Amino acid sequence: MPVKINLPQVGESVTEGIIGKWLKKVGDTVDRYEPLVEVTTDKVNMEFPSPYNGKLTALLVKEGDTVAMGAPIAEMETSEAVAEAQLSAYTPARQERATTPVGRTGVLLKDTRPVGPTGSGVETPVSESAVAVAPSVSAVTSAQMPSSPAPAVEAARGGQRYSPIVRSLAEQHGVDLAQVKGSGLDGRVTREDVARYVEQRAAALAKAPALAAPAGQAAGPDEEAVPLTPIRRIIAENMMKSATQIPQAWSALEVDVTSLVARRESAKDEFLGREGVPLTYLPFVMKAVAESLKENPRVNSTWGGDKVILKKRIHIGIAVATSQGLVVPVIHNTDSMSIAGLAKASNEIIQRARDGKLRLEDVHGGTFTLNNTGVLGSILTQPLINWPQAAILTTEAIVKRVMVLPGDAIAVRSMMYIGLTFDHRILDGADAGAFMNSVKRRLEAISKDTAIY
Amino acid sequence: MVRSRNTAATQTRKAAEHAVAEVLTPDVLLGWYSTMVLVRTLDERAWLLNRQGKAAILASSQGHEATQMGAVWAAVRYSPSLAIFPFYRGLATAIATGITPTEALLSILAKAGDPASGGRQFPLHGAVMTPKLKVINISNVVATQIPHAVGYALGCRMSGDPTVTMTTFGDGATSEGDWHEGMNYAGIYKLPVVFICENNGVAISVPQRKQMAIVNVADRAAGYGMPGVVVDGTDVMAVYEVVGEAVRRAVRGEGPTFIEAKVVRLLPHTSDDDDRRYRTPEELEDMKRRDPLKKFKEHLMEQGILTAQLDEQAHKEAKEHVDRATEAAEAAPFPDTGDFYDHVYASE
Amino acid sequence: MAVKSVIEAVREAMFEEMKRDPNVFIMGEDVGKRGGVFLATRGLIEEFGEERVIDTPLAESSIAGIALGAAMQGRRPIAEIQFADFIWPAVNQIIGEAARVRYGTKGVLHVPMVVRCPYGGGVRGGLFHSQSPEAYFAHTPGLKVVCPSTPYDAKGLLKAAIRDEDPVVFFEHKRTYRLVRGEVPDEEYVLPIGVADIKRAGSDITCISYGLMVHYCLEAAEMLAKEGVNVEVLDLRTVRPLDKEAILESVRKTSRVLIVHEDNRTGGLGAEVAAIIAEEAFGHLDAPITRVTGPDVPAMPFSPPLEDFFMPNPEKIAAGLRRVASY
């Protein structure tokens, strides 16, 4: 078989050799270890011995050529198994990294700003040429470096730069660092400041709404600063926590509520007369959800860092829009109530919410939240989870649509989307789907025989 | 047989000759010869493997074989057990201690089966230990093994271990502080160490006249209170005799001996060196006349011990042996990195 | 429990280990009749004889190299380098050779030896009797490097070093020898190499040090306590291998770090400790990792004001702590 003869790597730090006299010519029979050609390198002059027994069939380089170590210099015909002779020539597994020309790699000192406590570091401005040379580096630079022209010591001033521990504590506790007063060097926010803030906030929450408004950013000339109400601030913090701490996913499906609509129609007048409260769709939905939570206990849970904490009780919160803002009063032990009971309980608590008369226990302990966005006319909503719960369900507007029924009959049906935002750490799409289908199945199973009491 | 020696060691001569006469039968000498042929063949093969790019670096022992092998054979013969601290040019030393050509080539090709260090070190560096014979070569930094050998001998003295310690090094090593410090200590405490200087007259490229102001390194031994012996290091029987006596002195508790074996370095310092830049063609030719293998062959033929036929047979067998060894070593696997972090410290 | 000095603790450790194990022996300059220039080996030649307490020639490379050879043979040498400043001729035998024996023989041979070095300044030792060379050795895998601060630690760690199967460079701060006294149990004990020790627990700043500086850090911590700052002082005790977990655990608690050493700043142990914290506890930091160290001049000058300028002291450390605390 024909084989290529390569110039071997000989000598530490040697990269190329100059071909000297060929000691064999094409057609010669060569024994293994017999000298083939003279080679001169920076370090040694040597005779290169043949790696094979065989016949020389071609010379690929001529006397005086400079050849890189490893490059082919001749061809032979040999009957030997070639692999064997290659065995001891170690080939690295990794590929040699291509050396890409990087253009200008440095920056002029005059284009830099001092950085660091001593001003000895330099901050490199993001120039166009730098972007062209190394886009990834400059992207990082622009993302991480605030536009502040001051060195690091000054950057601490006004709390614009936060230490790693401060950032992570803020994230963990959902703290807006702009709200925290710094006690460190030049007003820097320290770890202790965040801890103190969290403590104070917890104390304030306990006796809401007496939350002092912390100093914030001043309004500009064409702006108006509207002071935050305590409830607005709590909503903001909770939404922030939800958005930053929970990886949320969303899914929706549609439910045929034609028979639910019929059932409610048939019962609502009598119910109002008898109970003094209206019969809405909400208690039907709550009942279906509570039963579905029992069937899918992971949806009624919370993330525990290294575990999932399942809630044995089912306390469904109802998102209620009030003039003050969103509140979520909770109907405790939802699963133990009848539709009538749920109608009365929800009516009462919603009324209290609207009147601003919620008690502390009314808003505590929710394990799942129901958000009837349908009342706003919405047909699809992606809500944020009510932190730290595992999921929130929306019920959208009931809309009459032309539907194709089994057997291809066409009919006008009352349709409603339900949507679920869920904590993807706890639940996968399949879990969410199972839960929603459970709700759907229950809602669609409602008939004229469904008990109200 | 002893070509020259300094006066300090003349006392030892008679006893040594007596011992040699007892041992060196024609069969023994023929065995030595064929082993020297094998080492030479192996050394040449290793050099070719370097030129093929398979062996990264080599320090050939061609020209040093008579000293290296004669010394080991004598030391093994005359000591109850032996610890050798050789220097880096020790292929013939290794083979004399029982390393096989395959093992040597595994080491030269840096394969997993390298018996000395599993491919972590340069060829034949590391340690090969048997109960009676320990070969320890921790490093190839020149002369560092001298204090190691002395310390090892000190340890043997303290623990009542009768092992004799031998260390080999070149002429260049005798310029190092470690050589002086080790020699001095061994002299003070009369430790059982045999110091063998394989003087090939050149430290890489620097000739002896630029290394020291004396002709015989052995002259320095007197300064350490030990005998200094000069021997023709290309004469295996002379080396055997002198080292044999030095080892017996050590066994008798008479302290260390310094032996200067005048040898030739037939090849460049290493495979990375080109000695034509500092040695004339005449010098190189002259050295070939002092080739220890050639001299031994001529001597044995003169004595009627070796015939042309036996010589041819020895070369043929050596080539076959080395071919087999090469094949096995080339086919052997490189070390993997599974134990890369092992043996930094004792595992708990 | 008796109160002892560091030098007494060192001497006792060697005495006990030589009693316990006949393979242990001492070699060094003036270690015999003189008992060592600091009297660390006083009385040992009388007890164990000149076979085991060996006066060597003035030749540091061979002290280390011969100890190495004897260790490979199975002895447990304690090689004394008279002053750490004189260790340089022996560096090749320690770093170049001893550290590599186990690795280079794939575990066939190993080197159970201790190199004892009185080190450190503040003793009017000038350029050649004040050095802190521990970082050079701490850089070397295969070596263990111990720098105790108290008599208790010195004794327990030296005994561990003598029993260790690998080469240990044992740095004893000269100024602690007679200055630092402390309780040492009467009963036998050994302390693990590679384990740091909290010398003072605190919650606000972690102050990391070793050797003499630990005592200065403790003094500085007391000053800061009066100012309402609660400093934790972590004594590394071993600078190779570093007790990473202890370092990280303390930093996670306090979020603020001051590292103190007498050795020069650049490339000192502080740099390594800082790098470990930056790599593995970055998210817990609330202030820049800060160092108080000897300055970057080649060695400690002789004259008192110059020496004072070089040496970190409690006031300089307290200033560093305040800087970190107020960030």
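Brief remarks follow.
By letter and in written order, the chains are A, B and C; residue numbering begins at 1 in each of them.
In the analysis below, a residue touches a chain if its C-beta (ideal position, glycine included) is under 8 Å from a C-beta of that chain, and two chains touch if they have at least 3 such contacts.
Small disclaimer: the values here were computed from a predicted structure and weren't measured.
Which two chains touch most often is answered by the contact tally, and the pair is B-C. For chain A, the chain with the farthest CA centroid is B. Taking the mean of all protein C-alpha atoms as the reference point, the chain centroid lying nearest to it belongs to C.
For the pair chain A and chain B, the distance between mean C-alpha positions equals 67 Å. A separation of 47 Å divides the Cα centre of chain A from that of chain C. Centre-to-centre spacing of chain B and chain C amounts to 41 Å, using the average Cα coordinate of each chain. Across the interface of their complex, chain C is touched by residues 117, 156, 163-166, 168, 184-185, 188, 190-191 of chain A. Across the complex, chain C is touched by residues 83, 85, 116-118, 120-121, 125-129, 136, 138-139, 141, 144, 146-156, 158-159, 161, 177-178, 180-182, 184-185, 188, 339, 342-346 of chain B.
Across the interface of their complex, chain B is touched by residues 6, 8-12, 33, 43-49, 51, 69, 84-85, 87-90 of chain A. Contact residues of chain C toward chain A in the complex are 255, 282-288, 326-327. Residue ranges on chain C touching chain B, taken from their complex, read 23, 25, 51-52, 56-57, 59, 61-62, 64-75, 77, 89, 92-93, 96-97, 100-110, 141-142, 144, 164-166.
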